[in-house]
Every structure is written in structure tokens, then in C-alpha cells.
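In what comes next, subunit A is part of two complexes: it sits with subunit B in the first one and with subunit C in the second one.
What follows is the complex of A and B.
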């Protein structure tokens, strides 16, 4: 292990890790938004939008992110839609993640019994109050494990961004292996940086799950 | 109708080559699934053993494999084996090693989850009915475990199929690589091929994965 090499190229990895986190977080943010909208549309069976959301969820869940990205990055410009690599990354991640988040939110919403709506109504709460104080807290606490798993899954999926020439961690590692043939050092840094990104999320996720389990009803 | 470049696939043997590329990806996932399912069942069963050392070893294996992106694992196995151990692995062999390691970890976790979800009173009731240990497992525990496990493991298969698209990045010539070759070769005559060809590849994956996902959902609905 050549430590001089490691310290020399540490800043390159830092920059790459920041890019990974930046695109990852933006993608996850939009995925949550898409997921929330799709889950609401599907849960309340809004005509037409319901079928559209269902089709989108099937398409997005049954195709790999890498190919979605290739289509967005190389395919769409051919019909006049040129998108920058960073934006492609965010769009791809949001497209993929939206369906996973939608399923997580939906299972949460469906787990709340109908009687909760009726009890809230009989207590004199209006529908906004019912949603905010009664339904969502219970639905979210059911959804949290799946949401956390999705966040980690999406952060891991960011590793394919190097394929659309984004200078992320994989790109940096591959570049250094190609240039200097310092394979062990490059891969060591790659693993360390992914651990720095993913371990805290994983630990925070399991803490959050444990904390929210108290909000559960009936067990 | 604008030129979408799909017609390039009807030239010569292009479509056939694309399907052969798809078969390369499917072969990798099929072999990995066939090896990692039984191994995963074994690991999952071992995870429920009370022995703390056994539990700790598998827990570490599971967590390490599951926290790393699959692409990082591919890089580790593909580049490091050549460099450190002087073994020249083909991309396909490296991919199968990684997908077996990863699939076994995921399957092991599913099996463990299904096993611990069986309430203790199922064991106790069987005992009260006079069933032996083997009978308890064969007639009571395993049928219930399978019902929980089967939809989840079918979903895992689609995840493994989708993940095989990554092998492009370690130089395996599979469907995506063939697609790139076709697009490059027809750059002059069909400049828009990237749109049509990648769309077709996307649809090919969908056609493979969607029926499997539907099967998983149907089983889930039937048994829950």
C-alpha cells in the first residue's frame, strides 16, 4: 500500500464524493416528491392519473438505472432534448426512485385502517386535520423502514453515473487505475469513501426505525 | 414522424446480435441465481443458529456485502484479482462471483427474516400435537416460511437480472455493449440510432422482468 499515492489523490476522491452526494440527495429529494404524488394518486384512485402512475411504476421498477441513464443521456438528444450529465443523473435517479418511494408510501397509507378516518371524523376533525394528525403519522411510521432502505438503495445506485461521464467515485477510481495502475490504492480509497457516505445513512436509518417503532399502533 | 433510428435494428443481423447480447446478460444472472438461492437458504438458516460466533461471522458478511454498491464489488473482484493474486479472471467469471456473493447475502437475509417471522407458538403447538422435530419443520414451519419467502425471492431474481446490466462496466460484451457497437457502426447512415436502440434495450429488460414481477405480486396476493 502506497500511502503517498493515497494522500496525493485524496482531494480527487473528495471532490468525486461530493458530486455523488450532491446528485444522490437531489435525486432522492425528487424521488420522494414523485413517490408521494404517485402514492396519493394511486391510493385515492384519481381517474386516468392512477393508470398513468401505475404504468410509470411498472416501467421504472422493471428496468435497470444504467439503461434508463443511457436512454436519457444518449437517446433523448436525438429527438432534440439535450440534458447536461448532472441533470441526467438527477432525472435518472428520480425516475428510478420515484416508483420505489411510491410503493413505500402506498404500503404505509394502506396500512392505516379506515376506522381511523371515521373515528377522527366523529371527533370533529376535518379532513386536513385528520390527514395531518392521524393518518400521516401512522402511515409514515409504517413506511420508514422501506423509505430508509430506498434511500440507501438509491445512494448505491449512484455508482453507475460514471457511465454518462460524470466524474464520480467510480470514474475517479477507474481513471487512476488506468493512468497509474495503482489498483489496490485506488480501490481502497473507493471503498473507504463509499463507506463514509453509506455507513452513517445506514446507522441513522436503523436508529430512526427503532425510534419510530413506538409510534406503531397495536404492538 | 421523426426518424427514431429503430430501423437500424432491421438491417442485417443487428436484432439477432442484440438478442444474443441479452442472452449473455441473462446467462450470468441465471447461473448466479441458481447458485445463490440454495447458498442463501443455507446462510439464512445458519443465521438463526444460537451460536454467537456463527451469527457474528454471517452478520459481518451480510452487512459488508449489502452496504457496498454492486459496481464497487465488481471492480474489487475484477481488478484486484488480476493485480494482487495474479489471476486473470474473465469479466463474466468476475460477474458471476460477485452476483453469487451478493445474491447469497440478500437471499440469506430474506430466509432469516422469514424464519424469525414464524411465531414461537407454532413450534410449541406442534410439540403439543406430538410432532417430532423433523415433522415440525416439514409440515408446519417450512410451508409457512415458503409462503413468505417465495414472492420476496422472485423479486430478488428480477433485481439480479437488472443488476447484470452493470457488467458492461467491466468489459463484458452484453446487450448494452452490443447496442453501443450497433449505434457506432451506423453513425453515418442512422445518426438517430441511439434513441431507438437504447429504447429497444430498455424494453427488452422490461419484457424479461415484468412477467417475473407480476408472478411475485400474484403469489403475494394469493398467500397473504
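What follows is the complex of A and C.
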């Protein structure tokens, strides 16, 4: 283990980690938005939009992120649409994550018993009140474990960004190995930095799960 | 249950980190598990017999009946896969002959520029024949055999914006390089202010350059000249950059039996002008006859 090498290239990894987190979080934010919209559309069976969302979910869940990135980064310029690598990363992650988030939200919404709607109605709540105070809190508490798993999954998926020339953690490690053949040090830093990013997310996720569990009905 | 799985995950992560740090001391032990995913490389690791040796000696290769050769699969016309799925090109032509003369079957393993050293250090391949430029830094990590080709760096740019010098560089423009190539090292050392757009394979770099991602692409001059000849609208504004280098086969550090066998093979092939025949079979269509004497190194002897 060459510690001089590790300290010398630490700033490079910090920059890469920032990029990973920045693109990861932006992608996840949009994925949550897409997921919420798709889940709502599917749950309420909005005509046409329902089928569209279903098609999108199948397309996005059954193609690898790498292929989606290739289409966005290398394919779209062929039809005159050039997008910066960073934006491609965010779009790709949101496209992939949107479907996973949609399914997580949907499983939550569907887990809320029909009787909850009826009981709320009998108490005189209108549908917005029912959704906001009765349905969503229960649905979310069911969805949270799946949502947290998706967040971690998406953060890890950023490791394929090297394909579109983004200097993320994975590419930085590969590049340093290629340049200086310091495999052990480069991979050690890679694992450490992924753990620094992902462990807090994982811990925060399980705390969140524990806090939200009480919202369930009939436990 | 949840806590248990979290513990297990931590444990796995910890073991992984530990085994990585241990890698430097006992490469043989860990290479066995590393190559588990690659069937082709499995015999390479299993024959090390715990002696700390990761490579396979000439005798071990011969008795296995197969030599693992790391080549490019996307660098036409040096190493690429043709429409029938067969490896072709200048490097492959030599690789096939080498395997034939050693009396073994050639098993091609596709590599990317950045992991060529890595493949040798972990014993995933016996020899790298992937247009590998000899440099002092690389010679510390692997053993190079005699050269079989000349090379320098070159920079290709668009016809309407030909770049002829790297001085006075506009800091908003970037140059495309491939991670792990001599072009990358050269630019980092000599033009640290030029922003580099790095790609991990020839195919993606080429695609991005054609999409107009950057104003120029720096690479081995053989490659950029071939690119400009094969695609209209591009000019090699800087045909020769940096020092004149050579390309040679490389083996794992210390694998002298294989190294000696390759060296005597290259010397013997010089007598029959093998690499000129190789050029005419694989490179003539791309470069024409003009570059033949400039590119080919025969019998391991460079002009200088």
C-alpha cells in the first residue's frame, strides 16, 4: 500500500465523489417525481396516460442503464440533439429510476385497504383530505423500504457513467490504474469512497423506516 | 432480520476491503478468486501452485494447449472483430502466427487500453498484443519483448478547424483521449492546462468525436491517420507529437521463458520479412504502401 499515492490522489477522488453525489441526487430527485406521477396515473387508471406509464415502466426496467446512456449520449446527437455528459447522466438515472420509484409508490398505494377510503368518506373527508391525511401516510410507510433500496441502487448505478466520459468514482479509479498501475491503492480508495457515500444513506434509510412504521393501520 | 442483513453487508464490505489491501502481498492467492468469472483465465490462475507466481511459464502454456492473448476488439485495422466474429488486424495476424509456432491454440481476450497492465499483473492473459506502446513507466510493471511496429502520437481535427499546434490552447475546448493511452500520459505531463475528455474505449471515443463532442482527438498517430483516411471531413493537423516510440508484445513481469520465446520468434520472423507481409495483409488497405517502411519494425530491430 503506497500511502503517498493515496494522499496525492485523494482530491481527485473527492471531486469524483462530489460528481457522483451531485448527479446521483439530481437523478434520484427527478426519478421520485416521475415515479410519483406514474404511480398516481396507474393507481387512478387515468385513460391513455395509464397505458403510457405502463409502457414506460416496462421499457425502462427491462433495459440496462448503460444502454439508455448510450442512446442519450451517442444516439441523440445523430438527430441533432447534443446533451452534456452531466445532463445525460441525470436524464439516464431519472429515466431508469422513475420506473422503480413508480412501482415502489404503487405497491404502497395499493397496500392501503379500500375500507380506508370508505371510512374516510363516511367521516365526511373529501378526496384531497382522504389522500393527504389517510391514504398517503400509510402508503408511504409501506413504500419507504423499497424507496430507500431504490436510492441506494441508483447511487450504485452511477458507476457505469464512465461510458459517457463522466469522471465519476469508477472512471477515476480505472483511469489511475491505467496511468500509474497502482491497482491496490486505486481500488481501495474506490471502495472507501463508495462506502462513505452509501453507508450514511443506508443508515438514514433504516432510521426513516423505523420512524414511519407507526403510521400503519392494524399493526 | 434487518439488522442481521446489515451486519452481513458490512462484513462483506470489510472483507472485500481487506482482501484488496492484501492483494499486493499475495497476488497469487487472490487472483484465483478474481478470475472466477472468466472461464478463459481460470487455468492461468490455477496453475500457479502457491509459489506466488501469477503468470504461466512457456511449458505450462504449451501443456495447456492454449495461450491467452489480450488484444483490442475495436481498433481497426490493428485489432478488431470482423463481421463473422473473427479477430482480425495487424496485431492478430502476428498473434495467430505466434500461437501456431508455439504449437498452441490462440485464445483472444478483449482488453481496453486502461486494463492492459492489469490483465498481465493478474495473469488473466499470458501476453498482451494490443498495440502496446513501450514506455519507461509501463516497463516497470510489465516486461516488453522486441518491438514490431513504430508509433508516435498524432492529433486529428475537423477540416474546417484544423489544429496544428497545442500551444496557445483555448481553455474552453477539450481534447478527446482514451483512458490509459500514451496520449493521455503525454498531455497530462506536457500540457496540463488542456482539458481532457476521457473515454474508456476506442469505439466510444470515435463516436463522441464524430458527434462533435470535442475539437480534437489525440491518440497514436497510426490510429488518427487511419481515422482521417476512413472518414471524410477530418485532417491530421499534428501527425507526429512527442517522442518516436515502438509497439511491442508484453508479458507479466518476470515471465522470462515466455519473453525469450517471443523474442526469438520475432527475430526468426524477421528472416522471412513476416511483418511486411503482415502489413500488406492487414494495413495496406488503410494506409497504402507509403507508410510501410515507416511503420513496420522487422526482426525487432528499429531503424535508429
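Note that the second predicted complex is superposed on the first by the 219 of 219 C-alpha atoms of A that agree within 3 Å, B and C clash if a C-alpha of one lies under 4 Å from a C-alpha of the other, contacts with A are read in each partner's own complex, and residues count from 1 in each chain.
FYI, contacts are C-beta pairs under 8 Å (C-beta built on N, C-alpha and C of every residue); 3 or more make two chains touch, one makes a residue touch a chain.
Fair warning: this is a prediction, and the values are worked out from it, not measured in the lab.
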| item | value |
| --- | --- |
| Partner chain(s) touched by A:62 [first = subunit B, second = subunit C, both, neither] | first |
| First, second, both or neither for A:202, with subunit B first and subunit C second | both |
| Touched partner set for A:78, first subunit B, second subunit C, both or neither | both |
| Contacts of A:171 with subunit B and subunit C, given as first, second, both or neither | second |
| Touch count on subunit A, higher of subunit B and subunit C | B |
| First (subunit B), second (subunit C), both or neither touched by A:44 | neither |
| Subunit B versus subunit C as contact partner of A:187, first or second or both or neither | both |
| Which of subunit B and subunit C A:133 touches, first, second, both or neither | neither |
| Where subunit A meets both subunit C and subunit B, residue numbers | 74, 77-78, 162-163, 174, 177, 181, 183-184, 187, 191, 195, 202 |
| In the complex with subunit B, residue positions of subunit A that touch it | 58-59, 61-64, 66-68, 70-71, 74-79, 152, 156-160, 162-163, 170, 173-174, 177, 181, 183-184, 187, 190-191, 194-195, 198-199, 202 |
| Partner subunit C, residues of subunit A touching it in the complex | 1, 73-74, 77-78, 82, 162-165, 167, 171, 174-175, 177-181, 183-184, 187-188, 191-192, 195, 202, 206 |
| Complex contacts: residues of subunit C adjacent to subunit A | 2, 6, 9, 13, 16-17, 20-21, 23-24, 113-118, 121, 137-138, 140-141, 179-181, 184-185, 188, 197-200, 204, 207-208, 211-213 |
| In the complex with subunit A, residue positions of subunit B that touch it | 2, 4-5, 67-72, 75-76, 79-80, 82-84, 158, 162-163, 165-166, 168-169, 176, 179, 183, 191-196, 198-199, 201-202, 205-206, 209-210, 213 |
